[in-house]
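Two complexes, one shared chain (subunit A), two partners (subunit B, subunit C).
Then we have the complex of A and B:
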């Protein structure tokens, strides 16, 4: 297949990212990389088929977008529905139960990504044999580390079960509050393993930091580029993963906007449709589709916040920012380090919450004046997640708009792939090294392509190079 | 004797069923003593390496690619299991079945309040697999040997069923492990 006389290479699918994806690399007549595209090949239609459903059903319906971070969708939808029922000022018990659920999710998701999905790249190198470069390979060679990963994920999942009722697709958050509190017995169960989790988080952070620092020469340029960054921050500028106002900065750290009430997100964000992907391309409206794209997720959050309100993560943040003299860090592979700082932050937050007696409170739900339109935002593990709904008099949804975390990173992921292809493609031969590196660059963003396309899964890897007439020059499949 | 192989895939699912499989936690280490994982999203194996004893299918079929993958699983696996409500009956994605596909596209790519689409194009590219007009449960596409209900099925359900199958015992799930939700 030719595109305007260019040659094309296809990598399908991208494995060990959570979702469907396919990469094509287009070459020009001189066999130089002209353009790279990450195609999102799944489409579900959630925006349309939730219409007509009652609003109170939405938090349990839309979480089925993604079984990897269902809590994020559950809570973003619930936050919007709080606003619909006029119950956005939650009781302390409700807010803290939800935060515990969210930090539990952050903890398990970051642990899953680091130990199950990326550690093979970091431990075995990008060129290691496919047969061992997976979590089972890690378990065989580094059993203690694999067990750590499994047990950390389990701890987070158990927190989700205790707050949401189920490990996957829970029901805990309801419009205006929560449907249970945390029993003393549940709390004590978590306190028992807490110190171990803190310890393991410290050591995971150390692995990520040491790896990044030791390989800085290669990593600094690997799929890296300057970009704007966007996240929620607290009113005082602190990192806040559950709630806050929108802040965007440019690659130098200058403010684009700050402390924006997210109910007004439509004044700031638009999404461009491109014909070759089901995933849209968000941008900051004032900067336009060409220049307005930005990054979200752990790296962006480290760059946008002015401090972290837990001591160990704050110390780690200072070290992280020192690497770039306090300026925003634009190194794609630094996502891993930033993610592990958030892992530590999450467990520090969990610790503080578990010692808070409000979790045993019994005042669970509030209500106020009913509204018919609402926006709910949250910092999901992979970045800022937007949910926006309109509801009619019969309590039915009439409009739903979702901008999921990974969608926000669409343009950055495409750029990362293009850069890596430029750096590592030579001639028209497909090498394992190229395949792996393209995947490593995408994986840094921890894309949940499930969310982004409202779908997920993985397929056989196939890469093709075609000439301008559509003849296959080289093909490689695993 | 070589260990039996198990392959897994996610079609039109949310990956929650795979996550539920990971929720067997440290029993995953026991599982890899019993079996070898073949083609699966959790490793980098992208093509079947041979015949598999068991194939676990998450999600129904919403596009031609899903159908192709499902047929490939049928051809390579002695036992095929529909895992979760999406594979078993279409699940939440099948909510689109009584809505014209065009309306779903229009909502996502034209009418949405944050959409910027001056040309009014709907994504359409040779790289994007063709969507089916409806989302189909797996047993309407190929023969399925077992169905495990749940959204997702609890980790214990997956564990008990797999171990029973792999050790040639009857699958005898207690009431508490069989749930639709």
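Then we have the complex of A and C:
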């Protein structure tokens, strides 16, 4: 297949349930990489399906959207519905229960990503045989690590169950509050294993940090580029994964906007549609579609916040920022290190919450003046997640718009793949090295593609090289 | 003539009162016969056939069939369980029942019945009908997607509320619960305190804005299967 005389190389991950992706590398006549396109089939049916449903159903309904981070959708939708019922000033018990749910989700998601998906790349190297470079390989060579990953994931999932009612598809967050508190028995169960979780988080952070520092030569340029960064931050500038105001900075760290009430996000963020992709490309309105794209997720959050309010994660943040002299870190592979700082931050937050008697409070729901339109934002494990709804006077949803974390990172992921292709494609032959590196670059962003989070941590890839007439020159599949 | 009637269910001797249905007598004796349209304060209706038993060798709806002296009733048999499973599965595929996000989940009799009967996934193809939601009433939501046409609301509105808000309209696959007004529920005298709202076995007739308030683990059927309350009576009697 050819487009304007360009040749296409296609890397196609095997399709699974939620959305899948495929990489197309467009070559020019000289067989140089002209552009890379990461096609992600996003599940957009939700926005239609939710039409006419009662608003209180949405936080539960929306969990069906994504099997990978249902809790993030649950909470983002619940935050929007808080605004609809005028209950956005949650009771202390409700807010803290939701935070506990969210940090539990962050903890289990980051642990899963690190131990199951990313650690094989770090422990065995990008070029290791995929037959070994997966979680089974990790379990064989580093059994203790594999066990830690499983136990940490389980701890996070149990926190989700205790706050949401179920490990997946719970009902905990309701408009204006929460439907349960944390019993003393539940709390004590979590306190028992807490120190172990903190300890394991420290050691995971150390692995990520040591690896990044030791391999800085190769990692610094690997799929890296300067970009703006966006996240929620607290009113005092601190990292806040559950709630805050929008802040965006440029690659140098200059503020683009700060402390923006996310109810007004449409004044600051727009979405561009490109004909070749199902997934939209969000951008900062004032900078325009060309320059306005930005990154979200752990790396962006480390860059936008001015401090972290838990001591160990703050110390880790200072070390992280020292690497780039306090300027924003634009190294794609530093996502892993940033993610592990957030892992430690999450468990520190969980610890503080478990010792907070408000979790045993009984004042669970607040309501105020009903509104017709609302936006709910949260910092999901993969980055800022936007939920926007309009509700009619009969309490039915009449409009829904979602910008998921992976959509926010759409342009950056495309750029990362393009850069890696430029750096590692030679000729028109597909090498294992290219396949591996494209996979590693995509994985740094932890996109919510089912293929990227394949159970074994191995991204099934298919790559084809086609000449200008559409003839297959080479083909490789995993 | 004595008012006591003696009969058996699955070989166990049961004493009932003259005029009782098999279902009523079984309930009193602590024997659970599955049912979906029957409801204690409502007149028998015989719509769902989930209560099908063998009475003297013939299939009968236990909720409408009166007991008789010496009657031999089979209830808890493999054959009848299969019949009931088939009926419940058909109810599932006939409507749009998304238990995973339905606010009635955990309190829903249809869902609880499926669990009790051991239905994992229906073997019949889903019909995915197009059904409406009537959200016009300020405090009540009607979601026809989940209606199983049990007529409980129809009976309760008429007999308990004295209102006649709900009526069946249409026939066969087009049959649905309509309202006694030009168009919408908001045009009727339905009220949030109506008993009709309490009897819906599924999530078709709901009070607005209270969904999900009860956490998972505290809902009606989270811990005990449907029918356990009736069976507990028997356990009590045997002590």
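Simple rule for what comes next: the second predicted complex is superposed on the first by the 458 of 478 C-alpha atoms of A that agree within 3 Å, B and C clash if a C-alpha of one lies under 4 Å from a C-alpha of the other, contacts with A are read in each partner's own complex, and residues count from 1 in each chain.
Everything below uses one rule, namely that a contact is a pair of C-beta atoms (placed from the backbone, for glycine too) under 8 Å apart; a residue touches a chain by one contact, two chains touch by 3 or more.
Given the structure is predicted, the values throughout are model-derived calculations rather than measurements.
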First, second, both or neither for A:354, with subunit B first and subunit C second: neither
Partner chain in contact with A:179 - subunit B first, subunit C second, else both or neither: second
Subunit B versus subunit C as contact partner of A:260, first or second or both or neither: neither
Touching partner for A:169 - first (subunit B), second (subunit C), both, neither: both
First, second, both or neither for A:64, with subunit B first and subunit C second: both
Subunit B versus subunit C as contact partner of A:396, first or second or both or neither: second
Contacts of A:134 with subunit B and subunit C, given as first, second, both or neither: first
Touched partner set for A:287, first subunit B, second subunit C, both or neither: neither
Winner by number of subunit A residues touched, once subunit B and subunit C are compared: B
Common ground on subunit A, meaning residues reached by subunit C in one complex and by subunit B in the other: 61, 64, 166, 169
Of subunit A, residues touching subunit B in the complex: 1, 10, 13, 15-16, 18-19, 22, 24, 37, 39, 41-45, 47-51, 61, 64-68, 70, 112, 116, 130, 133-136, 139, 143, 146-147, 150-151, 153-154, 157, 166-169, 265-266, 269-278, 280, 282-283, 289, 388, 399, 401, 403, 450, 455-462, 477-478
Complex contact set, residues of subunit B against subunit A: 9-20, 22-23, 25-26, 28-29, 32, 37, 39-47, 58-59, 62-63, 65, 69, 91-93, 95-96, 99, 101, 103-109, 112-117, 121-129, 131, 151-152, 155, 181
Subunit C-touching residues of subunit A, taken from the complex the two chains share: 52-54, 56-57, 59-61, 63-64, 85, 164-166, 169-172, 174-175, 179-180, 365, 394-396
Of all residues in subunit C, those that touch subunit A in their complex: 100-101, 103, 133, 135-136, 141, 208-209, 211-218
